[in-house]
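Look for subunit A in each of the two complexes below; its partner is subunit B in the first and subunit C in the second.
Entry: the complex of A and B
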């Protein structure tokens, strides 16, 4: 079976700056997440898929057709851009029905579909308010509404969960999953692993314009778990804590920060480390002020994976 | 493509009707009405005896022809592409099933419609404020209609040229200003065929009263070597079609980047 979305040797530069390089990817129905730190090339890839950018080398196809300057495929595709940009003078309903009219729907159909989409993202009660008066979360939700309003077969969502409060996030995740269950193809980008985990197990890791890994969430988790984690603990008894932990075989390094009364541990087994820490806290009078992970972000993991 | 153009036109006409820019330019175009009211009041008080047709021609030549149609075309035309890029709304358009040529032509037509309403309403009202009296004749209606048609032709030509600039340059406003208020003003004072390299030349050729214009501002109207009416209309239409075509063509093949 031919994939819904295909990228063949897709490369794109901005002058001397690399956007993406030799991306080969086939995407089938279901949710596929592009995971990577900011500037990894996720948005460039999505812009090529939505006809905003032309690839310098290679080609992108959706439903077997080339994307660039091919308006036929856009009636089957919905796109939620990353930028917080709108026609601010319009109300939510006008914004949606105006964009829907570009698909050729009549005025009545456009308004009906716009109202349905606003219902789905729970913005029906503010449909007549100008978009400029919407909160960050509401603006994010109306962006999603304009992508789904015409019931497309393919949804391309660039960082759709950013700026949403936890409740809205849960609702949008549910909505995206409903689209998946309806047999649609969804491509979603994010730089936050837990967000992606909540949505799908099909993950493509992108870094510096290249796909560095592709697999299900367990494969990616395994990759990430081989990355040594840093854990910083602030406590008045930080030296005593370090002495107690020093004998553990999963500990790779320790460093003291006496000015902050803190110790930084480096471990390749975070689960065992925290189990031991919990035991210590229960069995001894150790008092801990703060636990942080200085490198617990995707950038650090990616740097590790590409061998920096 | 016609249906796509209609869709884009409807959406943007609605959008422009609601925009604050339209409100500002509507106020600006109403300046002629205010001026006409002031002059009418002044005349009623018996201070200004000059023929009201000539007073109106002066307003027509200075305010409408050399200022209003240029400023409207400049601000609406040069923003057709940059407003989408700077406002970052381009992805909403580029991911819709409408061709890029239809986007340009639809947006052009919506701008033309909005600016035409401003222009014609202001022109008609100011004309009638100045001329609606006992001497008013039915043929005067044809006079003001012909003025309106000439100005609309000019608006269409300028708007088309500025639309082309907006598809070509990232910041077209400066070149547009230099063209609209520099080149177009200066070149009409040149004798011979040089003045035919401007849009305003053909517009002035189409205003019959112009050749015999008199009044306080008549010094502005010297040195015109008019082109025949039919040829002037043809050239203005040609300018409109050629630049709009070029804009649609360029926009279809050029790639536009949203700057972060």
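Entry: the complex of A and C
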């Protein structure tokens, strides 16, 4: 199957400053997260995908068609920018209706679609209030509403969760997942890694304008198996557990956290470690409260890959 | 590099709508926002006062017998001829009203979009740069057009109606074309002027300062230049003087300044062209589709 979004050798400079360099990427339906620190090139990539920037080299295609100067494509694409971009004097409904008119919908259709979108982002009750009176969370949600109102197939969301309170975040995450379940292609950028973990495991790590890794977070984690895995076990008998495990040859390091009654193991063979742990749990009266992998998150993966 | 996983795809059920008037929603929103601004409606209504006075003059001019007590010594003022229409379209009060209204409702047309980074919302949609600029220009065209072109044409029709004959039309068969041409030039000039000013700053207050500053500074410059050189060409520095000179050419009446009217016409045309290039460049500066 042809990828929905294709980037071929995409490069873009801002004068002498590199935006992105030789990005080759294929994105399929589902949620794909672009991860990287500020200035990594995520927004540049998204601006090229949404036709606002022209790549110096290479090209971006959506549904097999070139993006640049191809206004037809934009009917099938929704973009949520990182910055606030509103007409503050308009009501939420008017703001959305006005933008929908740009697609060629009649006024009645625009209002109907705007109302539906506001309903989806749970802003229907404040639809007639001026945008200037909206809270941070509401503003973020109406930005998403303007991106989804025309029912696009591809959603490009630049930092959609930034600045939101936990409740609003949960709402937006739920909404994005619903779009994923509807078979849409969603590209989301973020530098707040736990937020992305809640959304998808399909990640593209960008650093200094280049893709340094892509795929499933756990798959990437396996790629860097040379780096030891950290496993933290919380148990009242954490010292007894450490004593039992100490003889295993795949264990590289142990560290105690007495205040939490926990021990942190470092191993280069996670599978063997867990097999042995299972045996221990079955054969002895050890009680374990919690097992976590402190470095099995995106921040750790990112840090490893960029060599921090 | 990635592991294989199942993914579903539902075919898009939307439709492509080919809309040749994509600019109109932008104009409509701009007009609506302008009317929503404080004092705008009042200012807009008062801006029709000169047109109403001119309408009364037309009425009186056709009923001179009934209004002898007013008309004494004012015959020249009550003559409805090409100069009458030219004087309406070159009223300083009218230009001032346009500047006031456009500083309220037009200064932020581009400046606000730059400030709020709203341009990216437009260009992530099926919209070209021409649509965008035409949409913004449409707001100024609407207001300046309803204050110049529309009243001037209505005054002409009123004159024909009150006269009850086609004598006036037959005397000046070209007059309606002069009204159209002159009004369009004024509309075009103010559209270029306001959009240019609006593209020069992200702050609408600075834009308002630019609009009034440039307009009145051009008058001051004309005065200084005339004081030094004593040349009628000093009028080329002034915005209103140039518009008056061009209007005189269009209406085939004696120009207020002693130099060919087409010099002013060329200058105004050049200004509009340069303004277009600058505005186009400024919008391009925020990275949009050509």
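Things worth noting here:
Quick note on the criterion: the second predicted complex is superposed on the first by the 220 of 308 C-alpha atoms of A that agree within 3 Å, B and C clash if a C-alpha of one lies under 4 Å from a C-alpha of the other, contacts with A are read in each partner's own complex, and residues count from 1 in each chain.
Just so we're on the same page, a residue touches a chain if its C-beta (ideal position, glycine included) is under 8 Å from a C-beta of that chain, and two chains touch if they have at least 3 such contacts.
Since we're looking at a predicted model, the values are computed, not measured.
On the superposed subunit A, the positions of subunit B and subunit C overlap enough to count as a clash.
When the two complexes are overlaid on their common chain A, residue A:83 makes contact with subunit B and with subunit C alike. Applying the stated contact rule after C-alpha superposition, one finds that A:267 touches neither subunit B nor subunit C.
Touched residues of subunit A were counted for both subunit B and subunit C, and C has more of them. When the two complexes are overlaid on their common chain A, residue A:183 makes contact with subunit C while staying clear of subunit B.
Using the contact criterion defined above for the overlaid structures, shared-chain residue A:153 touches subunit C, although it does not reach subunit B. With both structures placed on the common chain, the touch criterion links A:235 to neither subunit B nor subunit C. Once the two complexes are overlaid on the shared chain, A:200 sits clear of subunit B and of subunit C alike. On subunit A, the surface touched by subunit B in one complex and the surface touched by subunit C in the other have residues 47, 50-53, 69, 71-72, 74-75, 77-79, 81, 83, 85-87, 89-90, 94, 98-99, 101-104, 146 in common.
Taken together, the subunit A residues at the contact with subunit B in this complex read 14, 47, 50-54, 69, 71-72, 74-75, 77-79, 81, 83, 85-87, 89-90, 94, 98-99, 101-104, 146. Against subunit C, the residues of subunit A that register as touching in their complex are 1, 4, 28-30, 47, 50-53, 68-69, 71-72, 74-79, 81, 83-90, 94, 98-99, 101-105, 146, 150-153, 156, 182-184, 202, 214-216, 219. Residue ranges on subunit B touching subunit A, taken from their complex, read 3, 7-8, 10-11, 14-15, 18-20, 87-100, 252, 255-258. Of all residues in subunit C, those touching subunit A in their complex are 1-3, 5, 7-10, 12-14, 16-19, 22, 24-26, 28-29, 32-33, 36-37, 112, 116-118, 120-128, 287-290.
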